[in-house]
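For clarity, chains are labelled A, B, C and D in written order, and residue numbers in each chain start from 1.
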Amino acid sequence: MKHLEQQLRALRSSGRKALVPYFVAGLTPDWIQHVEAAVLAGADAVEIGVPFSDPMIDGVVIQEGVLRSLEAGTTLDSVCKDLSSLSTHVPLVAMTYYNIFFHYGLERAAGKIAASGLSGAIVPDLTIEESSDWRVACDAHDLANVFIVAPSSTPDRVALLAPASEGFCYASARMAVTGRAADEGDAKRVVGEVRAISDVPVYVGIGIGTPEQAREASMVSDGVIVGTALVQLILDGGDVHAIEDFIGSFRRAIDIAPVSA
Amino acid sequence: MKHLEQQLRALRSSGRKALVPYFVAGLTPDWIQHVEAAVLAGADAVEIGVPFSDPMIDGVVIQEGVLRSLEAGTTLDSVCKDLSSLSTHVPLVAMTYYNIFFHYGLERAAGKIAASGLSGAIVPDLTIEESSDWRVACDAHDLANVFIVAPSSTPDRVALLAPASEGFCYASARMAVTGRAADEGDAKRVVGEVRAISDVPVYVGIGIGTPEQAREASMVSDGVIVGTALVQLILDGGDVHAIEDFIGSFRRAIDIAPVSA
Amino acid sequence: MSESSFMSSPDARGHFGEFGGRFVPEALMPACLELESAFRDAWADAAFQHEYRTVLKEFGGRPTPVTPLPRLSERLGLELYAKREDLAHTGSHKINNVVGQTLLTKRMGKTRVIAETGAGQHGVATATAAARFGLECTVYMGEVDTKRQVLNVFRMELLGATVVPVTSGSRTLKDAVNEAMREWVSCVNDTHYCLGSVMGPHPFPWMVRELQSIIGIEASAQLHDMGVGTPDLVVACVGGGSNAAGVFAGFANTSARLVGVEAAGGSAVGMGSPGVLHGMKSLLIQDEFGQIEEAHSISAGLDYPGIGPEHAFLATSGRAEYQAIGDDEVLGALKVLSELEGIIPALETAHAVAWIMKEAGGAIPKGSKVLLNLSGRGDKDVAQVREILRAEG
Amino acid sequence: MSESSFMSSPDARGHFGEFGGRFVPEALMPACLELESAFRDAWADAAFQHEYRTVLKEFGGRPTPVTPLPRLSERLGLELYAKREDLAHTGSHKINNVVGQTLLTKRMGKTRVIAETGAGQHGVATATAAARFGLECTVYMGEVDTKRQVLNVFRMELLGATVVPVTSGSRTLKDAVNEAMREWVSCVNDTHYCLGSVMGPHPFPWMVRELQSIIGIEASAQLHDMGVGTPDLVVACVGGGSNAAGVFAGFANTSARLVGVEAAGGSAVGMGSPGVLHGMKSLLIQDEFGQIEEAHSISAGLDYPGIGPEHAFLATSGRAEYQAIGDDEVLGALKVLSELEGIIPALETAHAVAWIMKEAGGAIPKGSKVLLNLSGRGDKDVAQVREILRAEG
């Protein structure tokens, strides 16, 4: 079992719901401080988004963040360099599109990010069918490769993905790209399907924009991922304090959730 | 033999070359005075152009004249009415496109123009093949129907046209629409071809724009038709005096021509 | 002409009943006669026929298909088929005619063609065939039209043709024909006048109909192959009348009703009277004095004050009917065919569609099998249609 | 895949050698799998094949002819033939693909299609087929392109489609694909994504090639019927690569040399490296960090930074060559084909013509029999070409 998964299982055992904010790496010069602020305010793990020119599964807000970061010159190397100044106890998980790693060289990329303190990776356009080379590289560097299960995933696909997902399993709450959403989505059903097959922690993402939504999602899962709303805050100029407040409000919301659903 | 032809044969016998100016009827309110001025200055016959919307064989100058006349409201009836105020000893020949007569009714049109003092007609788009109805109407009213022979007319066509042409035969000097031209054209050849077959008077038209050209054409024929240059003069505002001068210069030029070529 | 065999040859002087014939300056008569005999000769020559058909097949895209129109059929309660001249090279039936005439030009030893054009379709087609056969090409186009149809002017130029703006008269199609005729007089030795419809002096109306009859001949065979048999009705739009003549030719001696649809503002059958223009006797829109009037239509290709003489004959003899459709009915028909069948028709063609839509269940009994001649594609018209729809809001 | 049989099926996961595959969000995987099995099933079903071919024949205008190009042949010292996809309905080969995919959409019980488009050709084709089969249609088009191609937007709207301007990224084709993929995620239940070229996740590259292979299959038979036999060379322009794949498919297992011509500013084979984009592994133009670069070409249809994965395989395996032609060489080729052969090609197609003109007597030995895939007509481009030539004076 990868180190990331050990940590996240331990977190679950502690009864605490995981709060996992997503940051676009390099979006602002002080993005590392943003990450630190989030951790301070109660994040249990952090997704580090490495920007890619063609973010196919991201909505307009994250697209905008990615574009700004790229314009600022962000690269996989620069992200890793920035991360060397980050000291934190919470696990960090890379989130990027496959071409970034593929172009860098899979083995080299896995080594690089592991050396920069990342212990997992989410590659949303890497299907399990195409993932073997990447997983070999991950294994070599104790990187957990996280798979996403979607509302559309058929039982046979859930049966493939859930056991293969390391660290946690990403349950997509809805058939949509990243962004805000009004409804609750299919989180409960998707999480249930994963849990029926695997006891890997299951976190809900896609469309978790308010503390209230986070609270509800956490009630049916082991944690929540908050992306778009946070990126929007930063795009709007939110500073470390604003980020602390934001993450704090999510923390509080999920902490008052009943222990399990 | 139609009256017109008797007159024109007599003219030829007298040794005089015919000078036949062309007027766009109705082009100016005083167009009848223009005709009278031309006769005064030595015209032997006059072509009265009845305007038609689509003057297919006319160049830009006559087109312009026709258009202005039509805008002024000229019709076959108005032309005939105007002509009732014209008293002249020279023959008048209508020149218009077939649709004007056809639409008016052939028999009715022939009667009308004959009653208005015209004794011949040139219908440039009426081929001999299509002419029988019109010629019946002409015969009923002693109207001479003039045919045109072109440089492209084949011997068998000349053999058809020359004998059928009444009053005179119109020898087209060139393969062109009405207008000015620099060269002499094919007048001599065309006239020769007609003369080989018929002893009807042969007049040359198309591109006779200067006294000099008229003189040369008259040397190989029995007369000349002057259209575009005269219409241009009138379009440019030429008055009766200018017309007299113009026709006078043509008259003098052809009168000094040797008696025959 | 025997009344029992419609659309056979006209008489020796090119008459269809009282219409047709030759009304041209004597200067052009020899060329008309030469052309007639050259065409008569070529058309009877299997080698020419073979070349004409081969070029139309390999270069022109023939046979064009017959397309069932299931969704419009359902809406109208008819059984509709479209003969797809829009798929022919250059986008309309015009190519059939110009391929024939340019081949004939070469056969006559001439090296140049001239043509008139209104919207530019016939001009583009002529420039196309001239390019293909290495002939020089000059196209006369009313100055007004050159401004309205800038892109078609450019297409002709790309194809190597010279486009001459005609500034006489109304500066539109009628004047372009006059000007082409004038020009032809001065270059008739080496130049063929490639007339664009079943009009003008004999042999043009007959020759162009023969060259277009491939439409009807194909369609008739295709409908039989498709198990449809003889349609109850054959409908085509009519400007000069070449696409209509072409499709009618395949059905003239069947039981099919033939309907030509004119633009209301250029309806020579509906509003016209017998007259002589552009070398032919036919039905023309003219005033009480015999002056030819301008036609007005939303579609440049129907903007002609006359109609081919054979149509005048078919109309007066009762073999075909001619109906008129106003500008306001045309856009709706264009939209319906686009949305239901995925075919954006030319504005000209949309007149025929509009009439079918209007008369379905009325003058066209429910369940009728109808063949629409889809004479051209609407690409040339979309800018204009867009402007109109925007102006209407 | 056996190297001796090129252009057969990819492996079970859609790989052509090291390229292809599926790189999509998990949310789309079930749809890709469903589509693959639906297509596999349909393609093996004689009834589907019959319907597909019947629609392409009756509605799409197939077979398109093979046209000899005698005058250009003479000028270049080659024996040139053109497969005339410009004569297919909507003016390019795009219709072959969309007819297949819309029929499949209906077969899958879906009621709506979405598509990306660059210049608008694939968008118009999709809107056309959607209209024909009564499907709802939404087309994603970069905002920059909607402004450049106002008339194509209007054509799609006339055909009943909704055009959505895409404002992300470079606001051009690449971003339209991203956006269509995003959109597909949220409507995958009732909506098929009708991709426009041999790109994207399996089964698209294979399916679109199969749907386009009718080009090559027809052309091969036609050349044999014409007595030409197997050409020495088959040339096609390459954007995503669908027309090239379609024509190559008819000759992959013959001795013919296969050449794809890319725009120099979008030359994925010449300037690209392996990468993953839009659901596929292929050759892509990307910077040193793996960020995809924008392609630049005078022709919107070649303005794509990638190439279909099968082409990447054909290139690396040596079965086909890929050449690049710069914008400056394209207009001359367009003019030459127009003037000599009476065919105004699309700017995309003109790249292939330009390469042939450039290499005649060089990389193409004198006397070679060359088949040019004339992928589309230039009508859509004449306004642009006119502007460029005017600007150049």
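Note that in this section contacts are C-beta pairs under 8 Å (C-beta built on N, C-alpha and C of every residue); 3 or more make two chains touch, one makes a residue touch a chain.
Computed from a prediction, not measured in an experiment: that's the story for all the values here.
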Components of the interchain contact network lacking chain D = A | B, C
Chain located farthest away, centre of chain C as origin (C-alpha) = A
When centres are defined as mean Cα positions, the distance from chain B to chain C in whole Å is 37
Using the average of all C-alpha atoms in each chain as its centre, how far is it in Å between chain B and chain D?
-> 67
Treating touching as the only link between chains, describe the layout with one word: line, ring, star, complete or other.
-> line
Okay, what are all the chain pairs that touch?
-> A-D, B-C, C-D
Quick one: which bits of chain D touch chain A in the complex? Just the residue numbers, please.
-> 13, 21-31, 168-169, 174-175, 178, 181-182, 185-189, 273-279, 281, 284, 286, 289-293
Using the touch rule from the top, collect the residues of chain D that touch chain C in their complex.
-> 57-59, 61, 64-68, 71, 84, 87-89, 91, 127-132, 134, 150-151, 154-155, 158-160, 334-335, 338-344, 379, 382-383, 385-386
Within their complex, state which residues of chain B touch chain C.
-> 52-60, 63, 67, 70, 75-76, 97-100, 102-104, 124-127, 129-130, 147-154, 157, 161, 172, 175-177
